[in-house]
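Structures given as structure tokens follow.
You will see two complexes here that share chain A, one where it goes with chain B and one where it goes with chain C.
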Partner chain A sequence: MTVQDAGVAVVAPVTVPDSAGVLRVDELGVSRVRHGVREPIVSGVGFELRPGETIGIVGESGSGKSLTAKSLIGLLPSNLQASGHVSFGGESLLDAGEARMRSIRGSVVSMVLQDPFTMLHPLHRVGQTIAESLPKTVRRDRARLRSEITLRLAEVGLDADVARLRTFELSGGMRQRVGIAAALAKDPAMLIADEPTTALDASVQREVLDLLAELQRARGMSLLLITHDLHVAFGVCDRIMVLYAGTMMELGPAEQLRSDPRHPYTRALIRATPPITHVLERFDSIEGQVPALSDVAEQCAFAARCAFAVEACRTARSPLVSVGDGHSVACIRQELVRSSLDMAPEGSGSFSLTPIETGGQVVARVAGLTKTFRGGSRATSARPALARVDFVIEPGESVGLVGGTGSGKSTIARCMMGLTTPDGGTIEIDGVDVSDFARLTAACRREVYRSVQMVFQDPYASLNPALTIGATLAEALGVRESGDVDVEGLLEQVGLPAAYQNRRPQALSGGERQRVAIARALAVKPRLLICDEPVAALDVSVQAQILELLRERQEALGMSMLFITHDLAVVRQMTSRLLVCHRGSIVESGATGAVLDEPQHPYTRALREAVA
Partner chain B sequence: MSIPMDTSTAARSTRWRRSLPPVSVIVAILIAAVFIVVAFFGDLIAPLDPDLQNLLMGATAPSADHLLGTDHLGRDVFSRVIVATGPALAGPFVVALTTVVLGASLGLIAGFRGGRIDTIISRAADLIWSLPGLLVAIVVIGVIQGGIWLTVVVVAFLSIPNAIRQTRSATLSQAGLPYVAAATTLGLSNARVMFRHVLPNVRATVLATGMLDFVNAILIFAALAFLRIGVVPGESNWGLMLAEGQSLIWTNPAVIVAPALAIVAVAASITIIGDWAYDRASAEGER
Partner chain C sequence: MGRAVLHRAVAAVILFLVISFLVFSLLALAPGSLETTLLGARPATPELIAAIRAEYHLDDPFLVQYLRWLGGAVQLDFGRSIVSGAPVLAIVSERLLVSVQLAVLALVFAAVLAIPAGMMAAAAKGRARDRMATFTSVLAMSAPPFVVGTLLIYLFGVYWSVLPVYGAGTEGFDRFRHLILPAVSLGLGLGAIIFRQTRAAALDVLDQDFITFARARGLSRTRVAVTYALRNVALPIVASLGLVLIVALPGAVLIEVVFSIPGFGSMMVEAVGAKDVPVVQGLALFSAVYVVAVTILVDMASAAVDPRLRRAEAR
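Now for the complex of A and B:
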């Protein structure tokens, strides 16, 4: 898309009566009322969405982006309250009664939800799901109903046969398409899409986004896209609003935000996403974490993490001021920020990761690994999860393992950790044959677990909620029995204050929990650290901190790393050698840079193209 | 705006209020506390000798001398209810303790280990579960003619399957979480992973099961005593008092109302406390 003048008349492609089809949001606030105390979560959000326009609301978790969207169509949880003004086509939505809202939802404003795996009725067939959302007149006429369903499925790129299938027979991407078809069944004037692609594989993500953009264009519908990923928003949206701790940081045309972001937070967000084309020497992470709005009500919400903050930022809220072309920003220092921050990518390709020379025997050798999961439905048991996987990890080497959902990459890790027993093949860790952990003696198993450790994906479930951080780490240290580092030393290694040892996991943020999980794994000084999607559950700004930490620790300790991820940009930053896993086999391997720049296998090429 | 915007005093007062349990639970705790004190010091509290008979007086209505009147043998009902509290709670308490320790351990092992061990434990639990509990208790205790400790053993045996099932299903929901995998891959022993990592996270279930077993046992003990099974004729016992006092319902209703109320009050208050404790313990486990 070209940079366009974002003046009122230009963005609205058709001349329409003053307010027809226009969503106006003014001074929108959401607050939680608990025991008579009102605690603000979102405040001062205002924008206008015209017919045929796409606005992206971008923010990290806790920024209030989902609540903002839900408040527009009266779907807030009962303990939350919306305030301010929201109108669609001149009709106020916040004051509308529940009966009126019910008729507005679906037919005027519709919504697509994040998780395609839980949003469809598990017992209904696809046809039923769509029929349920169609207008009554169509539903009563059987012949018309069938042709209408076929039409609706075709619109989202699905065959007519799909109507007979049940939810569990569909892939994630197909489910999301069905969800979109159902949301559009009453031909709404506006669609709200809440993280529609977050739960999907990278290659499918692109398709669903393209589909949304195409439908929006064809129907002249307005689209409100909520996402945590600025780059997704850049690809689809006309205008983008950046939310942080429930307040608007910046609002402007997508192209301008990409080329000339004015708010330090927007800049930091753009730079926090690692590039796929080259390796960064240092990550631009944003230190700290998102505050609660109630703690920053009288100041700039970003001040605590901002390098440009001055006293004035901490004593008063920065007003949203226009910087021209429909671009406005809430930063009193924006002139200075603009002149002093260079947005050009740095050091393109000069830096590269090389294995650390430590010598010694091979850390891990996997040969002919096979695994088929029995039970479950016939469809899944037909295909083996792993079909002859071979690879070797040298000392000090960082190896990446990429692949989509169901490619078997996590199964490989679980087999290496003895959490799943493979059907065939051998796994050797540090010279010990661990193909079947059940056959090892207890002492031998303990010995193996001093050589290999794992960092799990979900930091919210990988720490025992009943134990303090100190107890968790002390237990791990007890396994090693070396005594040269204590709990405080471990916490320091992962950048956490010593006082954290008395806390329990629920008092920590996701990034902090992942730091603790890494500390636990490092406590035994493993020769090999397996990281299974260690940053997939984290916000962009925190992601970079964890990646930086892992890279720094790997170098300092000279250990090998097996880094499992679906994210090609991340794997470029973290590894020197890359294995591409598809349908249970390694389809391509080689130096990370070479594989990503010149993919040979069709699957790798498809993966690579989905990102570019 | 009528609602204050987070003034510090309001916040403090709500925090204070939140740390207190709801009124119903406070009342339940007070009632339970009274019963526990009475259970321990019943002999000292009772105003009269519960076994002192006065056959000439017979059953009388409540009076200044006898707060709840007398029964058909002229014994003081108030003293008898008080003295009966200890035995009425001691047996069920031992039952609850046994089921929690044995049932929770077996359930934990079954849920965590899975496979053949799970099958053996679970099927055994199903087998006991399928027995008609009260009937088995009546037959066994009636035939063997044992006292309170035989009743404890039989009731505990019959209550264990519930504890096993509850703990097993709570364990299953935890066993798949990564923190358990992380503990396992540190090379810790199964026993350590089970008792140090999983048990604290299923404690809400274990606690609630124990409380409910306690209440259940109180009712079974009373029911058996009412049928004069496992009790010595003439002893102070709520269930037995109910049975013996039936004919006096018009002369002195307190003879049956007082022990009945005692049973209901204990059972209800412990159920309410158990409910609240479960909610609190499981809320703590969440984020």
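Now for the complex of A and C:
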């Protein structure tokens, strides 16, 4: 059996004599120890991060990217253990004691975390958060401390006044900036950023990424960026490492990975992210789910989902081999993979979504909708959540609703579902005035819920964990008048095997749960399906599956869809008409393609530029 | 903040009214006649009984009796003890003072021991130290305080003879010395409750991102433990401290008996047994005052710990 073609050599550990400021990781593994049994989660990770360099670790949830990062600075949860070699500037980090690690953290290697809403001390003022990381000599001198804090805030683009505010008075983007300033207060040589923008709005994401890149350049520090989004990594990183089920799939210069990805998984990841410029005729989704490392220890972790897999892939781990230019890949079929597929984006706008002609009356009419929430924090109670929203959804039409956090897009959906009562204006669904659900009779309400259904963002929270899938769907079908309960047919519609009806939600993956949630919504054959960020909580490879399913179902059933999302690329794929929501008003509307290609309103333009 | 205190005060007044009325009616409904108690050893001649009934207004309608008592209570006149004839206010407040001192001392002892232990156990979750501490807390919670008290009397009163074991002493340092052993016996069980609350709250907080982030920045161990962990655990701890302080008052009855302390609990038992209505009413009302005072203290402490609560109240 020959797996290595000519010209391809096994990567040998590179020895650089000067190790100052270099992070060297070799054969790093992380395993969970339970009752004396070691269960591997990450294995065989190795790379080198040089001063001033940015490396991205890209992977889906469960790939072990966060644990890899945490193991580098000794912050693994107590039930996990790291093995292998990690050294910074020649000093081993895995063997260093907790006291030594404490002096390394912050001043040599620092880290910012994913969620700015939970990362900072909830009760501190910004000034305190930054001050506590500054040296004692600075802290003792009040005038110097104040000017130092001002300086540090300025570095991350914040005003000096922010120092007086408490954490809960800041927006997400500001919190992340404060977090970065605090992480850099001891001027570390290296920064680990663990999904620093995932919890932020699209427009703010770009700003924070730019800030990180700028700081990295200005300070000449090295940056390890952990992200699930390959495109984010392309934008910021010099080199990228793709991690799958705790193993390295590919490592190489960002430019090479973008133009010449060698691993089938990398290619699939790139293609799974929908383009914003045109509509795909078909999504390139990766079927199946990420396995646990312990289940694929003796084979290529991706083999089960790989179109190129042969017997050899399933019997032995594919070694990481160099393909030149610091680019290495763990795939024995990479030569074939490379020659078989062109990576050029297929179809250039030829495919377009058109409303299905079904006739009949308008499905939903929203007019002059207003809503103000009371009792929120100061910032949100100052202005209404909705200020006169008007729109119409025609039969068979798929309408997109985009906007940032707090723009009011979810409030619109909740009003249409009767989950929130609007202050003013009217909502008509299928000819019935549903402006105030409380005033409808029970029979009338049931009738309305046969016309409109909703798919929620978080499939982990939207299914009753106590009910089997079959019971959940039967319950939904029971609302239908005809009385026939065809659970299997419903499961088949969303691409799940009939056997799933006996399972409970916790036995399903996120993507499968979302399929069940869609099946539940489709049970009553609604005329209008409202999807509120249906793929935002899912991994990229699964997102495409769900989007494909929704598009296919919408077409097959001829229903209308209101698709709410923050993701412009997704909305391009899913809708023919687009509404842009900003501060509780629709600021722009029109054909999806036209709005995205030639945005008129400044807010739409800002959204569009954040993606480009 | 001012408005919140006002709300609290109005609620407290209503609470006091309801409690006094309930206690008043309960005693009126209880079996056994008041006259017999009031007669004492004197012969039960009809004239004497009539005189007593007139003196204590026992022939008035129930509501009139209650209102008369209430009218006095508003002017801090709670009547006189039927048994001793002493003013209720004087004897109750004297007893209450001893009991509150005992409760506070027990709480301080419990908190000083249990809060650091709870934090330590959470930090060492699942390890030997944690299991040891948790086991000890179960032991402390299940050991009856009077048994612990008796043991302490033997050890420190008889065997080493270093601390007083009888009575409450006079005042100041003497009072403190007398209350040490009772407070320890009472505080052990209370400490176990505080320990478990602290440990549970700390486990929750130690998992939070802001702890990881604080560690990732290389902040000192004390800073992470105190400023980050303890400050955020403080809210549930303060709530449990308040609860424990309230429980400590009636919980001290047995301890008071063991150490012969003239406290609130033993007085309550005596007064109920003797059907000493004015004293029971006074005790019930004062314990209501105590509970409300502790709750207000807890609220103020919580607001001091968490500025978000201050804002919520300001609205």
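Throughout what follows, the second predicted complex is superposed on the first by the 590 of 612 C-alpha atoms of A that agree within 3 Å, B and C clash if a C-alpha of one lies under 4 Å from a C-alpha of the other, contacts with A are read in each partner's own complex, and residues count from 1 in each chain.
By our rule, contacts are C-beta pairs under 8 Å (C-beta built on N, C-alpha and C of every residue); 3 or more make two chains touch, one makes a residue touch a chain.
Quick caveat, the model's predicted, so the values are computed rather than measured.
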Fit or clash - chain C, chain B, common chain A: fit
Touched partner set for A:A316, first chain B, second chain C, both or neither: neither
Touching partner for A:A594 - first (chain B), second (chain C), both, neither: neither
Chain B versus chain C as contact partner of A:G36, first or second or both or neither: first
Contacts of A:G418 with chain B and chain C, given as first, second, both or neither: first
First, second, both or neither for A:L123, with chain B first and chain C second: second
Partner chain(s) touched by A:Q453 [first = chain B, second = chain C, both, neither]: first
Contacts of A:A517 with chain B and chain C, given as first, second, both or neither: first
Following superposition on chain A: angle at chain A, chain B versus chain C, Cα, nearest 10°: 30
Partner chain(s) touched by A:P465 [first = chain B, second = chain C, both, neither]: first
Which of chain B and chain C A:A20 touches, first, second, both or neither: neither
Chain B and chain C, minimum CA distance [Å, superposed model]: 5
Residues of chain A at both interfaces, chain B in one complex, chain C in the other: none
Interface residues, chain A side, partner chain C - complex: 70, 73, 75, 78, 102-107, 110-115, 118-123, 132-133, 166, 168, 179, 182-183, 185-186, 192, 375
Residue numbers on chain C that touch chain A, as the complex places them: 125-126, 208-210, 212-221, 223, 227-228, 231-232, 305-308, 315
Footprint of chain A on chain B - complex, ascending: 1, 3-7, 10-11, 14, 17-18, 177-179, 181-189, 196-197, 200-201, 203, 285-287
Of all residues in chain A, those that touch chain B in their complex: 33-39, 294, 417-419, 442, 445-450, 452-454, 456-458, 460-467, 475-476, 479, 505-506, 517, 520, 524
